[in-house]
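Next come two complexes built around chain A: one with chain B, the other with chain C.
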Partner chain A sequence: MPGSLSTLKVLCAALALLFVVAHPAAAQLSFKPTAEAVQEDKLLNALKEGDKITGRVSIPDKMSSSLIQPAGRDWRDFQRSTLPIIGGVAIIGMLAVLAIFLMVRGRIRIEGGFSGKTILRFASFERFIHWLTASCFIILALSGLNISFGRMLILPLFGPEAFSTMSGYGKWAHNYLAFPFMFGLVAMFLIWIKDNIPGKLDLQWIKQGGGILANGKHPPAKRFNAGQKGIFWIVIIGGVLMSLSGWYLLFPYIPGDVTTLQIWTVIHAVIAMLFIAAMLAHIYIGSVGMEGAFDAMGTGEVDLNWAKEHHALWVEEEQAKGQAPSGTAPRGVPAE
Partner chain B sequence: MKVFLAALAFAAVVAVGTAIFLGGIQQQSSSAFSTSGARVGDPGNNLMVPG
Partner chain C sequence: MARVKFLCDADRCIECNACVTACKNEHEVPWGINRRRVVTINDGKPGERSVSMACMHCTDAPCAAVCPVSCFYTTADGVVLHSKDLCIGCGYCFYACPFGAPQYPKVGNFGSRGKMDKCTYCAGGPEADNTPAEYAKYGANRLAEGKLPICAEMCSTKSLLAGDGAIIAEIYKERVMKRGYGSGMWGWKTAYSDSPTG
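On to the complex of A and B.
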């Protein structure tokens, strides 16, 4: 009996082989990749927004049960098409605006010249927190831009090996420098919130364009003017959104499903582009854009005339407390 | 300058400390997602850079 069964199996196999050889077209019919692909495409198109084809998995990662998620194609298209446009307009646009502003307005000078007297603007701890957050932000921004645009812009220049190594280290830096950045963000909020509450004075400052559009007009301001308060709140709100979305990307099992994770990546990427553009303006006005401004975070002490021009009310408060030189600051004598 | 260098050093210390801490409390996916009925293959070293 077993012998006849094995003989039957051999006969069936031989017949099947004969069938395949004699009718190749018929044999290939069920394996036509193009025909299958068309059907699959129709199936994917038939799925509505939010629909998924899911399976059942026995491993603890339930997100792996999502087999096909058509919304992922929209997400991929956003990463490849829309995000570069947002990033390009925001970052390159901001650089262009700043370059035009510098050419038209020029560097904002201290109108009274350097007085030779200084006033303490930021204490050591404040500068420490600023540079901690700023240095982390710069590396996070560069490594993040590499994640979004590196394949497009850097890979062709440096080749796959150098790009791969750089991106690997960049990813580590991005993941772990996020933590000192978040620490700095919380510390900045705590030490500067009291001076950054918006008030009526800020409306006056905004109406006068901050006094930076024309020489000789400096609206009064306390420790921080409306522009600096704007930067403060951009950093705090943008930083919180970046931290929250980044937390989901660092620990991708927290969102619970792929769609939510993709939404957080979009939030992370869009806020990042706007955040970087805003910080370019901050860096500009704190360095090349305004004479005497960098000293505030460089040495911590600014020239008294600079302080009087940009933060007149704050200088009066400091003088009343005896923490600033009093009297009229002499006009600086230019060197021959 | 001292303040700036101190900030850089502090950032590096916090970043490395976080890396060590997270590396200590987290499992590799190959072990975290394996069960008695399903085994997830060990991905090995960083796939981008030869280990």
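On to the complex of A and C.
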């Protein structure tokens, strides 16, 4: 055993000696600083999608350590070609669908007519939060659409100076109103979440298509039917995505990385287009599309017949609590 | 007219940052804004190279394409300039720029972006040449005085070249031929769709 160990030691020493002798010679032969220099071409070819050539900078702005990011060209293509198509199809498509729906179905009337009796649907605080969020949303949507489509549609009409002034104010409004919008979003979530948990009734409502096509067949619903729950969750999920992505755009120095910012802008823009399209449907059904619906967010008091037709179970609950007039007007829907 | 470009011969750049300093001084660029910077690739490893980078004044510039208020324009010399009167500080040019050229003072609400600032190729802006208004917004207009950008003019190793794109590319090619190597015309493929070796 000791013999083999010493043999190993000798072998190691010999190997080490060989290395020391051989290595500098080999290094002198192979090491050419010029030949081993980084080649831009090779670096560019090695880049993965969305990747960039980065290095070290001696200035404090670490974002400037990105030397070349070819992905900027892809982002340009998205802004100039893809986004206008997504936005155009979503928004104009939704307007077309609503127009066709109005022509085919007409305004959804209260079948029993106005009863003259009303029931409180939204308290003043709920209406305040709704309109706070809604008015912020409209200004945010318009100033946002101006960023995406203004150059194409408004700039030729207004001229560069007036359009820039308007867009500048639009940007400030967009940045400031984001905060009351986010507040409204949180408040709406807290006050309406309890009535928006999906349940079995919603499946039935969806199966019957919300009673939207056939007159006089309203599926029963509690305070919010499946369609309204859908709008609630679109607003909450869409609003959270808009807030999160918008936060990074408002404070672009947080991520300190241009690729991350590019991804957030794409999310912000795509969700915005879909969100606006969904809200157009919400605005339609809450105003032109359905008789008696606007009162819910207008005065807060809806007609008892409207409430019974669309929210039969909710009316029963309210009547049981003694908070609603017990109407004698004919029911739109049997309880079963 | 000539199509002017920048070319950084990375095999000559010694990362002295004099181009950065000269630029800041010439145009009185505010704190926190760098129109030009030197990026070191493979720092501390064999084959390390430094590249001085600013706006490359791209052909079909991405910044101009995405600007929501269309505040960019290209001069007859191929210099990409913008109007700070029209700029709203949205940051889109920064997302689209392959070279990280657009910079923003943090003067918007909540410290967000103010009006964009970037390399002007020492060619000022839309105002009348060499007026105080032009200087305050964009810095010196050396091109109007018949001079080239200060960064390239004072580069001690003549790594950074500015001028007619065809001529500086020829100078670079001659250098590569003579010394037998070259790490490429950094950014040219991205900015002008030119082959970096060609």
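Structural remarks
Throughout what follows, the second predicted complex is superposed on the first by the 276 of 336 C-alpha atoms of A that agree within 3 Å, B and C clash if a C-alpha of one lies under 4 Å from a C-alpha of the other, contacts with A are read in each partner's own complex, and residues count from 1 in each chain.
Just so we're on the same page, a contact is a pair of C-beta atoms (placed from the backbone, for glycine too) under 8 Å apart; a residue touches a chain by one contact, two chains touch by 3 or more.
Everything quoted here is computed from the prediction, not taken from an experiment.
When both complexes are overlaid on chain A, the residue A:Ser148 reaches chain C alone and has no touch with chain B. In the superposition on chain A, contact of A:Gly168 is made with both chain B and chain C. In the superposition on chain A, A:Leu177 makes contact with chain B only, not with chain C. In the superposition on chain A, A:Ser124 contacts chain B only, with no contact to chain C. In the superposition on chain A, A:Asn45 contacts neither chain B nor chain C. Measured by the number of chain A residues touched, the leading partner among chain B and chain C is C. By the touch criterion defined above, A:Leu132 lies against chain B but remains apart from chain C after alignment on the C-alpha atoms of chain A. Using the contact criterion defined above for the overlaid structures, shared-chain residue A:Arg80 touches chain C, although it does not reach chain B. On chain A, the surface patch touched by chain B in one complex and by chain C in the other comprises residues 57-61, 64, 164, 167-168, 172, 175-176.
By the touch criterion given at the top, residues 3-4, 6-8, 10-11, 14-16, 18-19, 29, 32-35, 37-38, 40, 46, 48-49 of chain B touch chain A in their complex. Those residues of chain A that touch chain C in the complex are listed here as 31, 33-41, 43-44, 53-61, 63-70, 72-73, 75-76, 79-80, 146-148, 150-151, 155, 160-161, 163-164, 167-168, 170-172, 175-176, 249-253, 258, 261-262, 265. Against chain B, in their complex, chain A makes its touches with residues 57-61, 64, 124, 127-132, 135-136, 164-165, 167-168, 172-173, 175-177, 179-180, 183, 300. Across the complex, chain C meets chain A through its residues 10-11, 15, 17, 20, 32, 34, 37-43, 46-51, 53, 62, 65-71, 83, 85-92, 94-100, 106, 108-113, 179-181, 183-187, 189-190, 196-197.
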